[in-house]
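Chain IDs A, B, C and D follow the sequence of writing; residue 1 opens each chain.
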Amino acid sequence: MTHETVSILPTVDAHIYPRGALDVLSRDEVARLRDASSGGMHELLRRCALAVLTSGSASDDPRAARELYPDFDIQVLQQDRGVRIELVKAPATAFVDGEIIRGVAELLFAVVRDLAYTAIELREGGPRNLVSSEGITDAVFGLLRNARILHPIDPNLVVCWGGHSINRDEYLYTKQVGYELGLRGLDICTGCGPGAMKGPMKGATIAHAKQRHRRMRYIGITEPGIIAAESPNPIVNHLVIMPDIEKRLEAFVRMGHGIIVFPGGVGTAEEILYLLGILLQEENANLPFPLILTGPAASAPYFEQIDKFLRLTLGEVATSRYEIIVADPAKVAKKMASGIRKVRENRIVEKDSFFFNWSLEIPLAFQQPFVPTHEAMAALDLHHGRKPAELAADLRRAFSGIVAGNVKEDGMRRIEEFGPFKIHGDTDMMQSLDALLRAFVEQRRMKISGAYRPCYEVVA
Amino acid sequence: MTHETVSILPTVDAHIYPRGALDVLSRDEVARLRDASSGGMHELLRRCALAVLTSGSASDDPRAARELYPDFDIQVLQQDRGVRIELVKAPATAFVDGEIIRGVAELLFAVVRDLAYTAIELREGGPRNLVSSEGITDAVFGLLRNARILHPIDPNLVVCWGGHSINRDEYLYTKQVGYELGLRGLDICTGCGPGAMKGPMKGATIAHAKQRHRRMRYIGITEPGIIAAESPNPIVNHLVIMPDIEKRLEAFVRMGHGIIVFPGGVGTAEEILYLLGILLQEENANLPFPLILTGPAASAPYFEQIDKFLRLTLGEVATSRYEIIVADPAKVAKKMASGIRKVRENRIVEKDSFFFNWSLEIPLAFQQPFVPTHEAMAALDLHHGRKPAELAADLRRAFSGIVAGNVKEDGMRRIEEFGPFKIHGDTDMMQSLDALLRAFVEQRRMKISGAYRPCYEVVA
Amino acid sequence: MTHETVSILPTVDAHIYPRGALDVLSRDEVARLRDASSGGMHELLRRCALAVLTSGSASDDPRAARELYPDFDIQVLQQDRGVRIELVKAPATAFVDGEIIRGVAELLFAVVRDLAYTAIELREGGPRNLVSSEGITDAVFGLLRNARILHPIDPNLVVCWGGHSINRDEYLYTKQVGYELGLRGLDICTGCGPGAMKGPMKGATIAHAKQRHRRMRYIGITEPGIIAAESPNPIVNHLVIMPDIEKRLEAFVRMGHGIIVFPGGVGTAEEILYLLGILLQEENANLPFPLILTGPAASAPYFEQIDKFLRLTLGEVATSRYEIIVADPAKVAKKMASGIRKVRENRIVEKDSFFFNWSLEIPLAFQQPFVPTHEAMAALDLHHGRKPAELAADLRRAFSGIVAGNVKEDGMRRIEEFGPFKIHGDTDMMQSLDALLRAFVEQRRMKISGAYRPCYEVVA
Amino acid sequence: MTHETVSILPTVDAHIYPRGALDVLSRDEVARLRDASSGGMHELLRRCALAVLTSGSASDDPRAARELYPDFDIQVLQQDRGVRIELVKAPATAFVDGEIIRGVAELLFAVVRDLAYTAIELREGGPRNLVSSEGITDAVFGLLRNARILHPIDPNLVVCWGGHSINRDEYLYTKQVGYELGLRGLDICTGCGPGAMKGPMKGATIAHAKQRHRRMRYIGITEPGIIAAESPNPIVNHLVIMPDIEKRLEAFVRMGHGIIVFPGGVGTAEEILYLLGILLQEENANLPFPLILTGPAASAPYFEQIDKFLRLTLGEVATSRYEIIVADPAKVAKKMASGIRKVRENRIVEKDSFFFNWSLEIPLAFQQPFVPTHEAMAALDLHHGRKPAELAADLRRAFSGIVAGNVKEDGMRRIEEFGPFKIHGDTDMMQSLDALLRAFVEQRRMKISGAYRPCYEVVA
């Protein structure tokens, strides 16, 4: 797209004065915020801000946004009463008659707030210990509290996972589930993009309106790598930007009082393994955590395949931690509501807080990013007979590596250079994994250019 | 539909305790309410209540509802703290896990409240004078105040008119206009059914959420004959049931600070003539009243034809009171917003209230129902040279009569019995009217079974 | 006081725009309000408005106010958005830097609102039946609802009666009782003047603040004859002006969930007889109604004498309806709180409303004013053996007449002209009455100039 | 008072669950809070908690409280949803029918919150730099923000200083000034004890109620040494406990938008010198800071003497920073309101925040405690010709030392051991100081046992 074309897209220059978490800052904090936003954080801030400013626009392609608004810039300045945000050549669609849309402004403040917190509080050599499991959990807590979304209210937060490119039937189904959840006063938390991340919020909006539910929360938890690719949908009224994928996942499982998984691609499957890997920890054995896999009638085979794979690899024990419900939104919502009532009782008995699941044991292995090198992949141990929780952890890593080898730039380069990963595992497990991935390809849940060629070899 | 089929549709019996206008009643009022609801008003109450209880359900056909829930009943009983509403065999879809959806309950209270007000305050021989123009206006005011929708806030209420059976393009357009209105903080008032009555509210909902607009009003004004046929859409959060069509129209023009007309059928055309007939009164000459006719590109010919007809019949003067905008939702909203600002200034200068347009002169002829007998139709005087306002009044009557003769039971019977209406009018006017109606038929805006046969003859 | 002195008292001219019940009026209502306020109601409005504008000022003498602000005037005008109140030469103490104190403005709107309601709705020949017992009760209800002080909330309203000129010890005691009531979340309703009408509110204010009780109500119920003599104290945040003494008393007993009587003069004693007369009706026998007579240690003899008189005249049965507590504010509040809990239960069982005691039977005799002529006094029947309720009614009338004969202009004139009243009654009853009145004189609770000379004679 | 007597004073054991700043804590924070409260902080916590629990009780003597409730104890425990506070043998006066008074509970949470913040965030070797001027200011800001009393609202906070043992006339005057401030929508901040710290709040309460001012703030700023001696008065709705006198003074001058000084003792005089010392800094020359010294007519001589002393020592320039108003509460409030409007304008121009006066330059010397040893006192330089700001700093120190030598345990011991302080200063200054102190003694503003004997000698 040439600059000439761009020049006709209307833009706006504007000053904005933040509210919320940014309106009572110390002189020192304002200075550090200004420094961080003009220094190393600037490009990241610019990218995230643009994603937010194009929220709800027709195209969800973030690169398009960057190409359409090449001269967009954002500055954080010190001002009376705190900070001032200066926008240059910002998308006019975020404004109405010259004034920024209030909800967009709030998302923009959230971007600045969270990037600043990460840059200042979670910086290397900063006051926080980010090496230990406790330290990482504390950082996740700190970020969420700073975002002002932790409240000592009755548990009612349902996390919804699923693909961002699902078919229309599946999308309508996520809306129906969201509607039934909303009718029961439940709030929604998702990854904040399109597809299964938008549908439940949209459905809940209608139900919340009908139930006159006032303080409804549509929480979007994202991270810098994703927000640029998946603009927050316009329903999100609380946005949090976690510093990386692992902290984002931890935020989901510590804040959510239950999780619903809709059909999705490889990412969704990996998420299921992440959560089951944690729930199958012995320490978490008695912790109630409603987990429901659901979709419309046509997606029944999808969940059957997932279910078969989980039974084969993790054993029957794994099935005790989830329930598959097909084509019954009301049942999903009823089960979730009753599951959350049990969570509530358990928190009271265990003296845990309502707003953060401290009792959930998350091993450090799930908190640290897994880098899928050939060595790391070769070190995986995918054999029957291991503890389900440990096997789940390695399966998740295998999965993550295969995904990377297939579609991620880094991973694909490694495969080209060093050949397929060698994975040590039992044959049946490997075949099942393979079958699962091929099914994703067939169902168009994975974007593969050309024929699908596995990037791994099984070593018996 | 047989009783057997019906019996499988789930129903619920429930007691409900009203809030709002019904929670502080005198012992006498409760008794009168109970009497009215068990006496002559009962069947009407039952029908309206059922319409509200099936709000937002798949089918919009009210008879279907009555056939699907044949044993539904409603009783108003005296109870501690006021009244209790008892529902028998009510549609289960209005309930979640045994509890009525709060918004549905509110609409139900509105039904009881307004029918009671009409039965008690506006009864024949009651304390109000319903014969004079002032008396009728006062009754309209009383009903709206009793419904608690008159507030001394800044003018921001846009009335949207248009057909209930419009095509998908037109429906999406009404949503876009509603969205742009909502972005500018404007509230929506419609006839509360589907189509052009639902789209603007739906669009505004998204915009209000994005603007964090809190006290948004989605006002539906209906009347007993319509509510049974057109269930209030589920977005309506303030429902008012006026006793008849004329009072409903007066409620629209006295409460609304501006009116937008989307494509519609004969009813919509008649509404335009009603409003222009009033606005062309000399007494209203200096009263600002933004009136915009708008639709997507494909509906341009529709508005051209309307425009041509209005110019021919009422003269160029009529065009000064409306503006046609095609395929530009943002422009519609901007014009409406600036028009409403002028209304605000005028109210201040004229010392009129913000919430009720007292200054608008509505002649008694527009307040009394027109019954299209052959005598009444023959008495119309559709000639050039009359005052535009008076001609508009007669044109509206002619229109109303022709519509009745074409599609309403009473009217059709009269035509069969006495032959076509004889209308005295200038030839060009009559031809233009004829052309307009034929176009409606072609565009499927009129439901005609068989070939279209005019029900009138022109007497030169 | 000469005009010269007056001229130095600062005054303010101001326009005020009402809120609350006066902000959504019909054109007709505004016109009627304007007419009423400029016609017969004007002098009354002027007097009441001045009382409110001098609320909380040093002197409580209303005539002083009228003499100090002889040129004060008030007009109600029609304006954009409803009515405008124009004040001329109003006391500057009601203003701060040119702006009226908001609470004073609210009391002023209450005056206009209630006088207008009385003039329009309760006018002779108006829509209401003010002859029957039900009609009078309905008028009381209508006035209170129009004042927006009837809410379907949990019963918590304590009415406090007692003298306006009590000694310092007694005043401090009323504050302590108010404090203990406030600590228990109870709201206060009084006659809104000084003394025992102010103390409980003042004490409750501190307690409500400590308990962070937000929607506290300090309701003052007055009537035109009293408000001019007893300015509402500045704590009152809801003021209602009932049209006469009888409707004021009915408002107290229908709204209050319990009543506390502090030491007072003859008026207070008459109020006790009014309430006991009603509570001793057979129809009210099972109606819970907490009634506590209380004061500091020094006022024990006062209540002993009252108690003795009640036992002698009404019999032991009367004592079942009240409790005397001396010098124990916490006990008073506890008993009242538990008594109100019983009222709550009874209302639920009896299906009566929480905000208006419909079940209480008030005979017409207590609703109609008693005019103490010699004939009326001679017709009283004060003998043992009558039903306590009926005897109480006649005793109250006797009391009222004796008071009038002693201190009221009309009554004193009648005594001068026709000699003492002849009262037919048993000797012991008459002596007891006499003793009671002499005690009031000694305790300076009655303002008598010269020696006390009974205005009645007993006819055995 | 013997133990036997004590045992009859009613006490209550209770569990309390905090709200506000303590309801969303991390697991780590809860543990540190529990540790701190059971370790070194425990005795301090116990003392402060007791002070708060006896708030508003008859006696203001904190030792009395400790003697009356010798077995009182407080524990902070970890619980579901955060922390639980356990009270043992707590004064029953803080409870109503077994439940703690809500306002008292809030003050109790404030005690825990601030002591925890100080123990955790401001501990030696902690994350904060408490050595530099900037670091100390940042600590003050951190504490106030953590107490949630910094809000970006329009400047309206008036700090009131003055003695805790003032005479009745003076007390009534402070109430009148508070009333006039409250009428103008101004909020009050004081040291939170009795006397001049209670009167303005009490007066403002009445005015705020009359003006329907909702979010009124009665902020008490104290420190551990004082709270134990001066229970917060019951009106305080925001309590902050600063770690020492210097940070408390800095909190006053950074949060307050203006300061009113009522008559007081030596402490008050020292505060005036503290503030003038800061305001006379060249850097603060152009900073608006309304400072009004006021009292009833009888206290005119008091202020004259202060004024004379300030003129003599600091020169005429000092008088430009304060105004003395005698016996005119309305004028005080008007001047303060207009002064605060100038502060508002200045903050906007200077881009300073509304809620914290960052621009005010406070030299480190004023932030560090002054310890009055003989060396330190001998090093003071009280001669004409120095810069007023520097001289004010030394005068304040001299004052502080003399006060200590007269009445504080440490200081008196030093004087006994080493003889009188030697102060180097000009004779006239010394004589004036001496006269001032003697006047305080005569006016009973200083508690001196026996004859007054100066604890210093002047060295010319």
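Note that in this section a residue touches a chain if its C-beta (ideal position, glycine included) is under 8 Å from a C-beta of that chain, and two chains touch if they have at least 3 such contacts.
Chain by chain, the UniProt names read as follows: A, B, C, D = AMP nucleosidase.
The model shown is predicted, which means the values in this text are computed figures rather than measured ones.
The minimum number of touch steps linking chain A (AMP nucleosidase) to chain C (AMP nucleosidase) comes to 2. If you take chain C (AMP nucleosidase) and chain D (AMP nucleosidase) together, no chain is in touch with both.
Ranking all chains by how far their C-alpha centres lie from the centre of chain C (AMP nucleosidase), first place goes to A. Averaged C-alpha coordinates put the centre of chain A (AMP nucleosidase) at 49 Å from the centre of chain D (AMP nucleosidase).
With centres defined as mean CA coordinates, chain D (AMP nucleosidase) is found 65 Å away from chain B (AMP nucleosidase). The distance from the centre of chain A (AMP nucleosidase) to the centre of chain B (AMP nucleosidase), each centre being the mean of the chain's C-alpha atoms, comes to 46 Å.
Chain C (AMP nucleosidase) has no residue in contact with two or more other chains.
Here the touching chains pair up as A-B, A-D, B-C, C-D. Those residues of chain B (AMP nucleosidase) whose C-beta lies close enough to touch chain C (AMP nucleosidase) in the complex are 23-24, 26-28, 78-82, 127, 134, 138, 141-142, 145, 150-152, 347-348, 350-355, 358. Only residues 56, 96-97, 101-104, 106, 183-184, 205-206, 209-212, 234-235, 237, 334, 337 of chain A (AMP nucleosidase) touch chain B (AMP nucleosidase) when the two sit together in their complex.
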